[in-house]
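Two complexes come next, and they have one chain in common, chain A, joined by chain B in the first and chain C in the second.
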Partner chain A sequence: MRTRPESNRQRWAIAAVAAAVLALSLVLRSAYYELVLTQVLLWAVMSLGWNILCGYGGYFSFGHAVFWGLGAYTVALAMIYLNLSPWVSIPFCAVVGAVAGAIIGFPTFRLKGHYFALAMLAYPLAMLPIFQWLGFQELALPMKRETAALYMQFEDPRVYVVLALGLMVVALSISLWVENSRFGMALTAIKQNEPAAEAAGIDTWRWKMLALMLSGAIAAVAGGLYAVVLLVLTPDTVFGMLVSAQALILALFGGVGSLWGPIIGAMVLVPLAEGLNAELGNVLPGIQGVVYGVAIIVIILCAPEGVYWRVLDRLNRNKKPEPRATVAAAPVVALLQPRGTAGGDLLVLRGIGISFGGLRALDQIDLAVPPGGLYGIIGPNGAGKTTLFNVINGFLAPGNGTAEFAGEKITGLRPNRICRRGIGRTFQVVRAFARMSVLENVIVGAYVGAPDDTAARNMALAALDRVGLSVRADAIAGGLTTRELRLMELARALAPNPRLVLLDETLAGLGHEDLDGILGVIRQIRTDGTTVLIIEHTMQAMVNLVDHFTVLDHGRLIAEGKPNDVVRDQRVIEAYLGKKWVERVAATAN
Partner chain B sequence: MTHHSVTRRSVTAGIATAIGALAAPAIVRAQAKTIKIASIAPLSGPWARQGQLLKMGTDMAMEDINAAGGIKSLGGAKIEVIAADAGDSTEKAKNAAQRLLSDQPELVGGTGAWLSSFTLAVTEVTERASLPWLTLSYSDAITNRGFKFVFQTSPTADWQAKETVPTALKLAEAATHKTPKTVGIIMDNTAAPVSFSKPLREGGLEKMGLKLTVDQIFTPPLSDATPLIEKVRSAKPDFLLLLTSAMPDCKLVLEKLDEFKLAHGKVPLVGNGAPFGSPELLSTIGPELLEGLLFSVANWPTKGQEEFIERFKKRTGEPFLTQDGLCGYGDVAILAAALEAAGAADRIKVAEAIRKMNLTTGPAAQCFPGPIKFDGKGRRVDVPMIFAQWQKGVPISVFPADLALGKAVWPSV
Partner chain C sequence: MSFSLIDFLQALTAGILVGSAYALMCVGLGIIFGAMRVVNFAQGDFLMLGMYAAFYLTTGYGVLAFLGPYGGPIVAAFLAGPIVFAVGWLVHRFIVSRVTGSGAAASEGAGAYGQILTTLGLSLILQNGALIVFGSTPTAIRSPLSRSSWEIGDVLLNQGRCVSFLVAVVVAAAVYLFLGHTRLGKGLRAAADNSQAAIYMGIDVDRAHRLAWSLGVGITAIAGGLVASSQSFQPYTGFDFVIVMYAGVVLGGLGSILGAFWGGLLIGIVQQASTLVFPYQLQNTCIFIVFLLIIFLRPQGMFGRLSERT
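Let's look at the complex of A and B:
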């Protein structure tokens, strides 16, 4: 969580930039430069809109022109056919953009990564023929000679600078709010590891939709004002590939996922392109595009993540990280009392089965975990242990059977809903939010159980304390050791005080000394009242840890019972070591 | 280039490097005796070729006028045409106009910007600056906005759509003494052909006593013209309206007609618009397939321009003169005539002179069919529909007869 002084500083920075732009517009004594400045600001707003979904949320879009164009056409059509002033229609563009975002997001968020980016490309391209077919291939906003100001038509070009600047300040403030709220944290988590975010209780679908709607609304409002400035619209001008590309290039250039990236991009590239057009367009036509392209390539090569991040890294290189003094003093919330279900097991699986094509990954699994238990699931590689966890926490829907938690059916629920019911989990391969700090990683997990951001922070600090990772709270997750990563993930799962945690091979890859520490932490978790279900394939450590073993092999439950009994079970030995060993063990016993 | 366009350049170079340089004021010094006229055309991007042709015309007009002693009523003042690139988008076109107006406050008029959406955007700027603006773009929207400083030298698109088929019928009658009874349409579904053919389908053809026997619409790009041409072969219309907007599609149709032995005028072909007479069409399709293709067009070289056409060809190396070069030349000539009449390098007075203008002789009038006379909307009045026809690898004007450089060939059906 960013601290308040940081966000106050950003607010001052926004005010300073706004004042500088205002001063600049007063100094410029040319309608042309005022027009270029207006365009700089409008493209900055467009790029800020793009940045909300794509920068913070990591869902790249090649099709933001669809929002820009819809906004522009809303303003033009409202004025031409309804005689509606842009003063009314531009705010309405926000609604148009948000609704378009919802309609687009619904089918498109089924896709991820490049597929999402490419699918987004289709929407503006689909608009081109539609608007042509509707007969809107050339629209001119009617000139109002009498009531010009009522229709946002001004002689003084500086008015447009002020309007666009106002929009940019609003867009920056929205971005700042997003960055510093649960919204931004959720988007960052989604960007860095969507399954982990979902398992940590973040409703990824909802946040992504909100991000796209907000992003679309901002882009549409910018497009609406663009129509007023340009006065003439063609489908190609507002829905064309270049519009989508512009939004993306500006943010990439300036710094993706940062507040100032889109502003830097717009302030450098828009005047650069226009200057090149003006300078070279009538001397060596076409060369301006080449120079522009080369400039972008050079800068991307020198600063792959954008100018902003490059400069920030440079500045931070000389600074030593300050040790966090507050962590130890932070209040630890002790909310943990054993919570039992009214007589009965906490988790009950009945006849769970799932197939992947011809492979029966799980077959007729029955399992009952009582509250307060520390249960282990063991089995050789490929036995179906992780699959079972994925079924319990909702990543996979079982083909048959049901899962009940605290007396309620949870099969069919999405992972974030199951997390809300009180089931946390860790992963076999740690899914960290690599660019976030340890504390932030844990806060993401805490949101589910926290009424507000402060509570989430306190719960995260408490969880870090429980696993003994408080000293590393400020470290960036990407730089942790395996043991620390395991502990951080454990803290993330524990932060919202779940009733049950699923630990997926938490002990894997750890040395002896590390192992002892973690075993202690796990025991303490159970002592604190959280039921634990743990997967391992190394039996030795588990025998001393758990009070009940369930053994899986080839998707079937082959043995169950007290650890010491289970390890002597012939079927278990056979599953792990083969038939030969069964005979040898029998011989030694005799 | 003059000293002072160098100044502008150094100023705009400033913006390229930093926004801070935007603060630098445009230093513009008035230069005595030179009158500035703007020419905005796409010099880069997909329409660069047409913009270049337009610029050839404006440059040549500037040299001719200055060589003939400049503007006499202004003491022989020379004119200077300042070209700006409209690029590939309306935004760039508008920026170009705004830049010219800011950098060159003493502009008295201008011409451009070839593509009608560019012209719409450019004139939003020039109208607000009361700068008289001439254009060859023929979208009706340009002069439907109630603007007072925009003058359209081409007849509008709607008018061309209305006049093309009746004029084609007249041509056919004159050549064959028979009136065509049936017509076919092959077109793509892009904006221009759709709006061109709409009134024809909605009763227009019927009124002219024509029956639509083939009506084929395709989505470009066309992959195979066979099914279209099979329809033409079986219906055998008296002539065929060919409304394609992309050259490869046009080529496919013509090749297929040839393959079906319907080319070379067996089925007379009629198109609309200057692209049907472009040198690129000739180099892509070749003179054999184009032979006999007729097209209606806003402006095309006509009688009395023979010497001018030769000079243009020699000067530019182009195979023939087209609408773009001709209109570029003509627009500058109109502005020069208006300056001459106004006797002042003043926008408002130049615009007033254009509104009052009624020229039937002189260099400006020679560049356009019909008189140079504008109505209240800024459209020319009494303009005849021009037809040109590909004959031996050159598109030459064939209608109206008194202006035509050649005779229309309409094969008897």
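Let's look at the complex of A and C:
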């Protein structure tokens, strides 16, 4: 997230670029150059649209041509069959793009990573034969001589430059707004660690859908204007692979996930490819594609982060690391009142069972955690401890049984909903948003309980204070030690003031001196009024920490009760150390 | 939606015959994905290279002359394999290896997408390079076999396709045996299963990847050579097959070679059967719909497994 003066600077930069483009269009003396400039601007818009989903959200799409093509055909068909002016139909393209985004996103967001990218590829390729079959092989926009301006047909090519420029400014402003809002923060969190984002209460599905719809709308509007500029459409030129490829190559070249990346990419590559095509197109018909292909490979091999980030790193390297002002002392928040549940336990599990194929991972688990308790779940590796957490926080739906939280059923809810109800969690292997600062990591967690961004920031600072990590608030999460990462994740879970936190092996991998600090933090959490359920497989630290043990082995609950009783239980000793030990213990007892 | 039983049987047999070539392509793609976990975008373009290799072998350089019009195209399809294998080897050596295997650590930034983008770049270069070299006019390998058929009852069996069916099945079986029973093949599978562990066991993972990549594109090129004698092609043809291949591989289950074979075959049948109901031009759209249905209903495919840990 940018600070306010920084985003003001970005606004000035947008204005400066717009002025420069206008000046350039006045200087250019040929209609052809004006056309190239228009194309640069349109492709920049397309790439900015792509960047919203793929740059900020990390979901790469190889099929953005589907939006571009739908926009172009919407404008052309509306003009030919409905006699509708592009002044009306181009804004309407935003609706077309958004609707197409929703239709596409609904099935496709079931996929992640490569699979998502590939499935996206299929959409424009499937549209291509459909439009051919419908008989729209070549569509020319009718010329309107009398009412030319009404149909966006101008003698002076500079008008198109202005129109495309206007579009680009809008697209840039939208991107800037995304970057600086909760929307952008959610997308960044999704990009860096989606399960963690979901568990931190971010409705990942909703944000991804919105990103795809916005992205599609921008691409479709650009496609619509493209139709007006080029006047003739074929399915291949608007749905073809080169269109999808171009959207991502421009962003990649300039710098994925940056405001200026798509612009830089478009300004360098579009004129280059156009120029080569114009000079050599007759002799070497595929030269444009070859240029883009070579461009991709060179970028990936030499500067995979793109020009923008490369230059930024270079500039920052020369700059002295500015001493960051220490974070303002966290505001004192009223500590939580122990919120009573209307009599009874906060978390109740009844007969929870789940199988993976033939493996019975959890079988008939019953558990009741009273408000204010500090409960431990122990068991050897593979006992089903993490699986149980995954059931409680909604990553897994149990095969049978129910979970109730504060008297309400939570089985079947998505993780972000469960988080909203007041259950936070940490992970066995820390899931940090590695490229974000510690504070930003925690802010993401705080959004659930915060009415606005300022409140979220304050809650995050308070949470960092609670775990004693305020001094590291500005550090990038990727560079933290294990102890700091654990604390940061803890702060992220605590930020929205949950009623229950699930701690998954928070003590794992820590040395003795670190251990005491974290144990103190966990005790304090309970004292402050948050119920704690913690998984461990090392008994020692736990015996002194918790007031109740539940022991799992092979998916079954084998013992529960006071820590000191449980560690003497024969079944527990057997599960941990094997039968031999049970006999030996029995022998020594005699 | 009315068609006779004969139409149906005709479409079914045609589907199996065409599907066998698809199955072979899918096996090629499946090897690459299985071993390297790389989504190869350029697979369709290596297929196209195979088509042109077979084309020039049959028409330009005399293989046809002494083998006659019957054997020529088949031998040419076979020879397309090693030629494209060699091309693939070079491409992997100089480009792909830098973003995959042990070189992958350097591909931060664009992250895991570095690989997929590299293959996208390759695809653009191959397609458009082919356009420059070979021109845009569609060509086909003329074989008298593809113009004659056997009749079984009322069902016509195209002889060219029957022969390519046999070739495809034999090649696929040979690959399967190679992976299962040779030292090289086992090393490749080990590298695929867990490349870290394979390194510790003394397997040269980069070499195994190079083999997988080259073998994958080579096999697909043979399939391309086979298809080239029954349909015309041009430099952009690869893309028509990319969707076929990915649908087949996903249907079989990403990572499973056997699954890829059956998936490809099934896609062939779906494609041919779709022409009974829908217009001919929409057959690839039908494949796409099948692709989506798989994603919806069984994303792990027929033979694949899904695993995710938190």
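Just so it is clear, the second predicted complex is superposed on the first by the 553 of 590 C-alpha atoms of A that agree within 3 Å, B and C clash if a C-alpha of one lies under 4 Å from a C-alpha of the other, contacts with A are read in each partner's own complex, and residues count from 1 in each chain.
The rule we apply is simple: a contact is a pair of C-beta atoms (placed from the backbone, for glycine too) under 8 Å apart; a residue touches a chain by one contact, two chains touch by 3 or more.
Since we're looking at a predicted model, the values are computed, not measured.
Shared-chain residue A:V27: touches chain B; no touch with chain C. Once the two complexes are laid over each other on the shared chain, residue contacts for A:V36 go to chain B alone; chain C is not touched. Contacts of A:M267 after superposition on the shared chain: chain B is touched, whereas chain C is not.
Legend: residue contacts after superposition of the two complexes on their common chain; A:V348 is shown touching neither chain B nor chain C. In the superposition on chain A, A:W309 makes contact with chain C only, while chain B stays out of contact range. In the superposition on chain A, A:T386 makes contact with chain C only, while chain B stays out of contact range. In the superposed model, A:V567 makes contact with neither chain B nor chain C.
Using the contact criterion defined above for the overlaid structures, shared-chain residue A:G289 touches chain B and also reaches chain C.
After overlaying the two complexes on the shared chain, residue contacts for A:L70 are found with neither chain B nor chain C.
Under the contact criterion defined above, the residues of chain A that touch both chain B in one complex and chain C in the other are 132, 242, 285-286, 288-289.
Those residues of chain C whose C-beta lies close enough to touch chain A in the complex are 39, 41, 95, 98-99, 107-110, 112-114, 116-118, 120-132, 136, 235, 239, 242-243, 246, 250, 254, 279, 281-282, 284-285, 288-289, 291-292, 295-296, 299, 310. Note for the complex: chain A touches chain B at residues 24, 27-33, 35-37, 39-40, 132, 135, 137-138, 140, 142-143, 155, 230-234, 236-237, 240, 242, 267-268, 271-272, 274-279, 281-282, 285-286, 288-289. Residues 60, 62, 107-108, 110-111, 113-115, 117-119, 121-122, 125-126, 129-130, 132-133, 195, 241-242, 245, 248, 252, 256, 284-290, 292-297, 299-301, 303-306, 309, 386, 390, 395, 427-428 of chain A are the ones that touch chain C when the two sit in their complex. Of all residues in chain B, those touching chain A in their complex are 9, 12-19, 22-23, 25-26, 43-45, 48, 51-52, 83-85, 87, 89-92, 94-96, 98-99, 101-103, 116-117, 120-121, 124, 127-128, 139, 141, 145-147, 190-191, 195.
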